[in-house]
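What follows is a single structure, written as structure tokens, with notes after it.
Order as written gives the chain letters A, B, C and D; numbering starts at 1 within each chain.
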């Protein structure tokens, strides 16, 4: 019975756990409960991926109403992969949250945070596994609203304005998607993704579908913070509580990118998106700008969370660049980088959380002599950073390697140059920290100690995995390639 | 064609009015109002799609065969709920921002953040 | 002549929308907005979307307006006049977006055209089969609670999230202040009498909407909003501290969590009985019976959560206001 | 899958182990230095063991992992790599002895970090020499760059920091900008990065494309200090002398030219290389680089700076050998790795000794010091003569083969270049000992004595080596020829 209902359980477990956790009220009860939930969710997603790899695509009819009349949950290698990323980060970060949140939030807010976290997890997973275009919108809102809550809990008052901006941009993005879905619906009469994919070609050559495509793409790009629609991201990441930043940075944008892939490749189809519509060219240009400009801006940041937030915008650029080729190699490079970047950025933000836990600051000055005072934390940041640079033997290298290969495959060798230039920029902003941490003397070496194990353990679990997936890539490359093929071939 | 589409066009006009208020105005409360107008207009668009000439409200009654399309109605019920949820959250943010900055004008807040 | 009403309403909508752009008095803006949503509600009736109309009226003209007024009371009433640089970029963006949208409408099936694809695919089954498959006349309710019941679960989760969010931002979670707000209109005889008479009626109506939702327009969501409105009216008249004595914030917290949980658990029950999640057929001895039970329960869940959340949000706002007044003195 | 030869990872791991131990032992100098010396000794022994296999014609290999299919992190020792490994390994021992005397005599700070990074750098160098493919080579090439940075900025002065930035900027910039790009392109064309005799790029693209890749390689490997990417080397001279001696006269720079030799032998392939138009351009660049560097060297008054520019021009010889791609040229280039290493390290040892004993870094201050510290200056003279290429010193052999190589290739201008540069070598090296011995000693220099004993031992060993290399070049010649003419 369990295995038959895995797709539903993937979302239901956290979704149901949220109100129950809310009823528990006491943080010391809520956190273990939430942790248990996230672990269960992780197990489910592992099982789900296994099932997909064994039996191929799984279709689950919610409420027993067969699609297109009911809502279908449709799991293939692509979204099983993304779901795994999300729930894995969800579990690890939740483990970390126990200590970090107790330190960063007043007691009566801790429960609220954990509940919001669970809702966010449920929302993201809901977006990932659903096979219904409108259902995407609903769960997009669940995850967005809960993200706003988490971000707004940041200590600095700027967290509030950041959240407001995020809320406005996010809602606009969601509404754009809603409009796009509406236009698709009015032409086809269906909301089920597979059904849409089958019925769109008949009406593909209509102006309505063109503008539907435009609205969906713009809306999603707002959500995934594609340059220049990234305005909401830096402050939101910079001023949110450490845990929120780590979780959101490693999952939310990734899920948004998945949604883009799902709509563009599965629903509209490669030929429509890349031949009828100039999606490839547009994305490519934006991706190049995204790689170069935000990475440059990052160099000049003194708030290090903000620095890595900008770096995230840049890294999204890499993913989008891969997608913009519209080839299997390119998309799989993108998927690979979704996975690897989730790990690297997650790890880095967790490490920054350790720093904040001890020093109460994430400003550049806080890094003075950190190599001596908090060697493990700093080492984590460096290793993660090397991943961003794309140094061999880190996960980051693998995805960049595939990205460049995808570019050369298309004969776009200048893009290879762009990617390498991006790596150099990353090296520069990483170097800022390294110089501060290892070649400066700590001014108050006495009271700053290494972060507690409860924080270091999850941090290093993530960081170590970036190394592991930089050396043993059977899982990542295998699944990513498979997923890319399923997406490209679509349902036809 | 004009007759066939005019009210979609009016709806678009409404939408864009809301959209304009959101991105052009600096007052946070007014932004929220704009957001509401934007969303409400989208709802009007959907519901208009569902209308069938001479159709009855989609409540089964004997002797009636032609009903308007209920699906958009369902979707929009959800959309309205999402809308009010977002509004509530946005407004409480506005209140907190006003407490923290003593203003709900983007410019003021921005200048304060730059100075701090 | 239907078109005539259409045109009038749309004209009204346009006027209010434009007026809102021009206006600077936020109070007036909020009022206009509530007119706007009332107008759109009546427009929905005209489009046969009675449920949507009911909801829009209750939410837009009701809850949203109250919340906006509450916010105004805590912030300032006027949009600052400042040298306004011409908003060229926003205008440009809006123009482009609008153009794309208009362009998109050009190939759309004409308004109210029965031959449009959306009336041909998927929906026919709802219209033809729901009577037998679900066994309740209100097709909207059938789709909402059963065919697309999972969307509605998500929607309920959104409401819960909103409640959670307001609680987080303005909340009194785990705290108990004994605040009384001077704003209560207790000393206004007429209001008190009307209130005394009105509140029970509204609650009665809420119950009707809740349980009649399967037959006529209505359902858990509308019911929840109306019920919340009733208490809000009560607390406006008698002061929210009295209102809180009837329903404590604590109870509200419990309720808003229980509603969602109830909904989800109904779904889980479906799983345990060997069906899919939210499959009601397996709940009863015969499918339609199961559907009845299932829909009844989930609508109840929705109603509870919505009522609780809306009320709790209002209380949070009111409490904030009272705190500010205390600090003010 | 070839059978895993565990000796290779062991050899590379050994210095790393030492680094860890050094870190642990930390500020208790004697055991700390003991660790360095013992590891260095063991390392040399193991290398000798390995060399035995190589001479027997085996080519052991070891694969760590295969991150991307067809792109393993893999060691594969062939004669050329063995040659480089032997040089680095044996000189590490000598330099460690020297470093102990120098660092203590000079009262340097952060000695723990110094010896640690030193060990890591050696490990990286050995890994480079063992690399079985371009990918592995690139990885450890970058590790070498990063691990030597703290040594360059050791002093911690603003000047040292500035030098460090130049160092990193040029080395990382060229390697990521050009080298990595060339590697990617090679992979894309050949589908492999393995080192294969005859070259993997042979016949994969037209000569223009391959020339482009060739240029990317030769300019991308900044460690070879081919002009105009040579500025990092003089900049690196702010480092303590042992660093300049081993790393910036042997390990780092030789890693560069070694990579070039490997690329010309196993990636592009000598036959293909000779046909490329890009080769002509590079030959000119190299010739200019050789002469120009020598001329600049003459105008340096700072001893270490002068030696640095001399290194740049000497590296040009090896690059030349790689470009000539004739068997004699390649052999000459390979042997010059050895000969120049021993000679130049001797010179640096002497320079360091002077700095420690007399606190003098400028050539103009050296008048008459020869009589105060004769051994040091005799060693210096030996090194100088070997660099110039006069018998009875090893330097002669490599120059001989390089000359033959130019003849084989029929590049008489290059032959002339070699001759002229030898004259220039005389002009900028010999005056130094002459000044020292013939000039009159200044009053305040009377008290100066010889450098600490460890320094003297080290110098003795290396200058003796220069002498022996003349009489017994055979083992090195054999390795070189095994690599070039399989």
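We take it that a contact is a pair of C-beta atoms (placed from the backbone, for glycine too) under 8 Å apart; a residue touches a chain by one contact, two chains touch by 3 or more.
Worth saying up front: this structure is predicted, and the values here are computed from it rather than measured.
Novice: State which chain is most central when centres are taken as means of Cα atoms.
Specialist: A
Novice: Measuring from the mean C-alpha position of subunit B to the mean C-alpha position of subunit C, what distance in angstrom results?
Specialist: Distance between chain centres: 13 Å.
Novice: Quick check: how many Å separate the C-alpha centres of subunit C and subunit D?
Specialist: The mean C-alpha positions of subunit C and subunit D differ by 76 Å.
Novice: With chain centres taken as the means of their Cα atoms, state the distance from subunit B to subunit D in Å.
Specialist: Their C-alpha centroids are separated by 71 Å.
Novice: Measuring centre to centre with CA averages, how many angstrom lie between subunit A and subunit D?
Specialist: 46
Novice: For subunit D, which residues are shared contacts with two or more other chains?
Specialist: Correct list: empty.
Novice: What parts of subunit A, by residue number, touch at least two of the other chains?
Specialist: 134, 138, 141, 145, 148-149, 152, 179, 185-186
Novice: Mark out which residues of subunit C touch at least two other chains, giving numbers and ranges.
Specialist: 101, 105-106, 108, 116, 118-119, 122-123, 126, 148, 151, 154-155, 158, 161-162, 165, 169
Novice: Any two chains that touch count here, so list every such pair.
Specialist: The list of touching pairs comes to A-B, A-C, A-D, B-C.
Novice: Any idea which subunit A residues touch subunit D in the complex?
Specialist: Residues 391-393, 397-398, 401-402, 404-405, 408, 413, 416-417, 420, 423-424, 427, 431, 438-439, 470-473, 477.
Novice: Taking the touch rule as given, give the residues of subunit D at its contact with subunit A in the complex, in rising order.
Specialist: 64-65, 67-69, 71, 73, 135, 138-139, 142, 150, 153, 156, 161, 168, 172-173, 176-177, 180-181, 184-185, 187-188
Novice: Using the touch definition up top, name the residues of subunit B that touch subunit A in the complex.
Specialist: These residues of subunit B touch subunit A: 15, 19, 22, 28, 31, 35, 38-39, 42, 45-46, 49, 72, 75, 78-79, 82, 85-86, 89-90, 93-94, 96-97, 100-101, 109, 113.
Novice: Touching subunit C in the complex: which residues of subunit A?
Specialist: Counting only subunit A, the residues touching subunit C are 1, 5, 8, 12, 15-16, 18-20, 22-23, 25, 60-65, 68-71, 107-109, 111-113, 115-116, 119, 122-123, 126, 134-135, 138-139, 141-142, 145-146, 148-149, 152-153, 179, 183, 185-191, 195, 199, 203, 206-212, 214-215.
Novice: What does subunit C use to touch subunit A in their complex?
Specialist: 100-101, 103-109, 116-123, 125-126, 146-151, 153-155, 157-158, 160-162, 164-165, 167-169, 171, 173-175, 253-254, 256-258, 260-261, 264-265, 267-268, 270-272, 274-281
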